[in-house]
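The block underneath contains the structure these notes are about, expressed in structure tokens.
Lettered A, B, C and D in written order, each chain numbered from 1.
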Amino acid sequence: MIIVLKANASKEDKQRIIDKVHSLGLQTMVSAGVERSIIGVIGEEDKIRVQPLEAYPGVEHVIEVLSPFKLVSREFKPESSNIKIKDVTIGGEKIVIMGGPCAIENLETLREIALKVKESGATVLRGGAFKPRTSPYSFQGLGVEGLKIMKQVCDEVGLLSVTEVIDPRDVELMAEYVDIMQVGARNMQNFNLLKEIGRSKRPVLLKRGMMATIKEFLMSAEYILSEGNFNVILCERGIRTFETYTRNTFDINAVPAIKILSHLPIVVDPSHATGKWGLVTPISRAAIAAGADGLIVEMHVHPEEALSDGTQSLNPENFEAMIKQVGAVAQAVGRTI
Amino acid sequence: MIIVLKANASKEDKQRIIDKVHSLGLQTMVSAGVERSIIGVIGEEDKIRVQPLEAYPGVEHVIEVLSPFKLVSREFKPESSNIKIKDVTIGGEKIVIMGGPCAIENLETLREIALKVKESGATVLRGGAFKPRTSPYSFQGLGVEGLKIMKQVCDEVGLLSVTEVIDPRDVELMAEYVDIMQVGARNMQNFNLLKEIGRSKRPVLLKRGMMATIKEFLMSAEYILSEGNFNVILCERGIRTFETYTRNTFDINAVPAIKILSHLPIVVDPSHATGKWGLVTPISRAAIAAGADGLIVEMHVHPEEALSDGTQSLNPENFEAMIKQVGAVAQAVGRTI
Amino acid sequence: MIIVLKANASKEDKQRIIDKVHSLGLQTMVSAGVERSIIGVIGEEDKIRVQPLEAYPGVEHVIEVLSPFKLVSREFKPESSNIKIKDVTIGGEKIVIMGGPCAIENLETLREIALKVKESGATVLRGGAFKPRTSPYSFQGLGVEGLKIMKQVCDEVGLLSVTEVIDPRDVELMAEYVDIMQVGARNMQNFNLLKEIGRSKRPVLLKRGMMATIKEFLMSAEYILSEGNFNVILCERGIRTFETYTRNTFDINAVPAIKILSHLPIVVDPSHATGKWGLVTPISRAAIAAGADGLIVEMHVHPEEALSDGTQSLNPENFEAMIKQVGAVAQAVGRTI
Amino acid sequence: MIIVLKANASKEDKQRIIDKVHSLGLQTMVSAGVERSIIGVIGEEDKIRVQPLEAYPGVEHVIEVLSPFKLVSREFKPESSNIKIKDVTIGGEKIVIMGGPCAIENLETLREIALKVKESGATVLRGGAFKPRTSPYSFQGLGVEGLKIMKQVCDEVGLLSVTEVIDPRDVELMAEYVDIMQVGARNMQNFNLLKEIGRSKRPVLLKRGMMATIKEFLMSAEYILSEGNFNVILCERGIRTFETYTRNTFDINAVPAIKILSHLPIVVDPSHATGKWGLVTPISRAAIAAGADGLIVEMHVHPEEALSDGTQSLNPENFEAMIKQVGAVAQAVGRTI
């Protein structure tokens, strides 16, 4: 941590800060620069992170030099993590494809979709039972009934399931029905939910918040790991920017950046990242080319009738074609599908 | 709702959409423009909002023309709402000032702060017992112990209390201890939390998410009102932008915009909106000049020792001076303090 | 400047960087931290700013600690600057109001508007002769003819003039016709234009780019001052964010922030900052409450017929009412109008 | 164009607008909805685009339904455009790679770099002679001397050249020395510069502004085409967002989006899009996978000594490795390199 003093900071100001740092068991190194003094803090930065040193007289600003995350960092664990769930491994050489509807609508439709997902070679079925919707008047999902349908279909067809959890009270229940619990973008900083999931030890797909920095995203993963659950799959799904042509701006830089910063696997959601089904296939190819470990894609047998987000859903033909194209790119970057 | 067709949409494409709209009990009006056709939908737009019409063949895009919120809108209730809590009215002629620490640290400190708040003429004590923190290793608040301290101090000193609720499981408990429940920016779209609060009927201060549009902010308020709780105080606290000099960008436009769109009162949090105590006073003056109904400001007897956010806290002298200056501005815009 | 090394940086990596810094005539101070080493650079940071130290092996990242601007900074000149143009002073106790149309349309209309501006007590007439428009098919302004109209009207009515310059080739010409040259948001980083204006020594109103940080804004002003022209009036006019309800997000934080960082006067453009005439008056009040030195406001005698930006223009009655309200706020903050 | 009236708009308000639209030679279609009336405008939307209909009494807001660009649109020209410059074609099956330093430093260094560029199989040399720099105290480029060096090296080595033009006064001069004129992100809306380049008919690489929407980007290209110059290569180079880990956020969605909206070729600048050399290769692969027609990449023989942007420059080994990897991806998407 670096404390930059104001040009007009007094000797007393400087001494007061140095004393404070020492009182926390840390050391200081003072540099009397040409324009102003700078105090370097040596030791475990964590101890001082919560101290509002900027509120001290004479301080201009404080700069953190170390990353605030520990367990998620590649320095903590240099080799990439693989998450194994039944016969599927996420984070290995093989790209994982998750497909399915935005929301679970009924047994027949989900079964029909699941069969198409399976046929296309994907291994995980997605679909929401609890839907966080901007409007209280929109379809909010089938709830527990949806979970039961999900489980039945996955058992029948032979797919893993991933579905969103939005309430800490539901974590235990979800664990009975689904293989991977998803934390949605809106809940990325719902810390009590993260803690419950951390304690559950179940695999979790953590989506990046639409206005979260990469660092904040990794800090939210840290919440889960710090409770002892290392089965975390990160998911980049687009961030909010000034651009309105697409629903979100897909931050593809985050894919290789996270590969450098963390050992956790990362998948990409091209459906929410674009909001337009016509962009989903090229963006899926790009995600794999950039190094993503998998995709979570909206697919529906009748996108134009879907109860939510049909605009960004592929139909089965386009879903299959997308997987073929992604397969070619995967091979070009030394992976398989 | 306006459905813009592609230049190359076929007659069948057009008819399919018209049939769909009619099947929902709505009427259409077709305009065969020079470049392309446009279908206007007449009737209650809500019915069609969840239908992904953009997924139909031949559709270029769909434009919503009506606001999606009802109960919060000024059209629903033309006169401004006043929220009365004990002897304090929020939304009336008198500006309401809420002050206090970011986090409740202990009984003595909170009491000391509360006495200063009271002395300065403010009427509500703020302070967090449950703190949503980016890092799992940061101070997370005193929890229920904090609530008890809050209640004791407010009873002693004669102030209302406002404190954040972060978990739907805590709503009932909070209602015993605090006068106003705060929903923080990170939880603005924690819809289950909003519903619980809606059902509790208790006054709530709803903060705008740092990534939320004004419309989404009002939709979140709509969640609470739609459960029968009209005691909602909106709070603008800054949005996230590319600017890094300040912690957030205070969207002051939102203040008069919300006054046009909604009947609900709106207060401003200049501490989070700036992140720098040196900017809090001018921004407080500006908020009142723009028409805000009140302020929620961080104040601490020892900002440099505060367990969180000391950087943006005023000390008692500055807090008092701020209120004096705000009072002069309030008078200039026909209000009192 | 602080150079943070990677955890696995070698001794050779460290020595190579130290040698490089020394070769530039600067000193180093090395801190061997618990997790990694940090090299502090002592001396004039400017010397090293252009050196891409992050490209050296073993470097994680480089942190600048000092502000990059000099002449615009309050440290360089502690007392606030007043810009005097004929009988108007900008930056003093008296608030300056500039009003007029977006574009100059013809002599009669401009004269009519100017008379209203004068009557309302404002002292500067705004109006564009060269209009930078997003579309090549939109009205581009009257050009030199517009400048002549502007000069004639201002001479007749007794107002100063401010109008935009968009091409370095026009600077000399403009100087003959107008009192204050305006650099628009889109040209804030048109550095050759800034240099020409710097050399002209004429008063300039520099608008913040919609994508520019406060630091970049001040650096653009530095371009003008570094050519010897200190007659710079800064203008905050809103930044681009994800919010779409308003045309821009007015960054009111920038007003007190710039007052801390710089000695230059700052005015606010509430018309572009909101894009809606119904928000202009409350935002004008807020700007003055926050400490702005003046306003530049769009006004038109027939907003609904204006050739551009009529949506955000006040009519004469609203313009006059706005000035009255702003006057009351100015008094509340110890200023006059 | 759709004009949405306020719920309380009067009959007179409605008639006034209808009369106005008719007076422009356009037709109207009125829909008296349940909640409010909507007026559809039929005819050429351009005629009405500059009319500030939102300023009319009774109007809530105005919605444009058609794209404002003509010549750049794929509807105007359905087949993709190829730009042929000497023996290089941009926009065809073959991916084009442009490489070189941020700034031209001297003859020897540029020659050394050019030889490496050529060896790697790239066909265009990039390098700036006029550098738009945030600070007036940073290296501003060699100017005309740089252009001469560029021409000499390209002639010797057998490469095309691309370099930035920042002043309309330089367009004629540049045309003598360089094959492709680049318009930088900061000048994307320097409309007089665009017009000069339009008139010059020379090939141009137009970079997207860091806060420009896709529509605005295409409108800037429209400026050049509308002057008769169809030799426009678009370049996505990252947009500014709240994320600070990378220099910009690479908006990869823009690549397939622009392929849908326009016939013009698009290349990607992964160096500015990331700001970190370690991310350049994965992002280059992704860009090609998404459908980009080429890359413009910073490369330097001594990145750590480069006079600007060394942090984001590849060295020759990494540049060559990048091209190999990009080649494999190109093949996977049916293209060559």
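In this section, contacts are C-beta pairs under 8 Å (C-beta built on N, C-alpha and C of every residue); 3 or more make two chains touch, one makes a residue touch a chain.
Since the model is a prediction, treat every value here as computed from it, not as a measurement.
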| message | Please identify the chain with the largest separation between its CA centroid and the CA centroid of subunit C. | response | A
| task | Go ahead and note the Å separation of the Cα centroids belonging to subunit A and subunit C. | result | 38
| request: Go ahead and note the Å separation of the Cα centroids belonging to subunit B and subunit C. | output: 31
| query | Out of subunit C, which residues touch more than one other chain, so two or more? | reply | 211, 240-242, 244
| said: Thinking of each chain as a vertex joined to the chains it touches, would you call that graph a line, ring, star, complete, or other? | reply: complete
| remark: As the complex stands, subunit D meets subunit A at residues 211, 213-215, 239, 241-246, 249-257, 260, 273-274, 276, 278-279, 282-283, 285-291, 325, 328-329, 331-333
| task | Could you pull out which subunit B residues touch subunit D in their complex? | result | 2, 4, 7, 29, 31, 33-36, 38, 40, 42-44, 63, 65-66, 75, 240-242, 244
| Complex contacts: residues of subunit D adjacent to subunit C | 46, 49-57, 68-69, 132-139, 166-169, 186-187, 189-192, 195, 209-211, 216, 219, 222-223, 226, 240, 276-277, 303-304, 306-311, 313
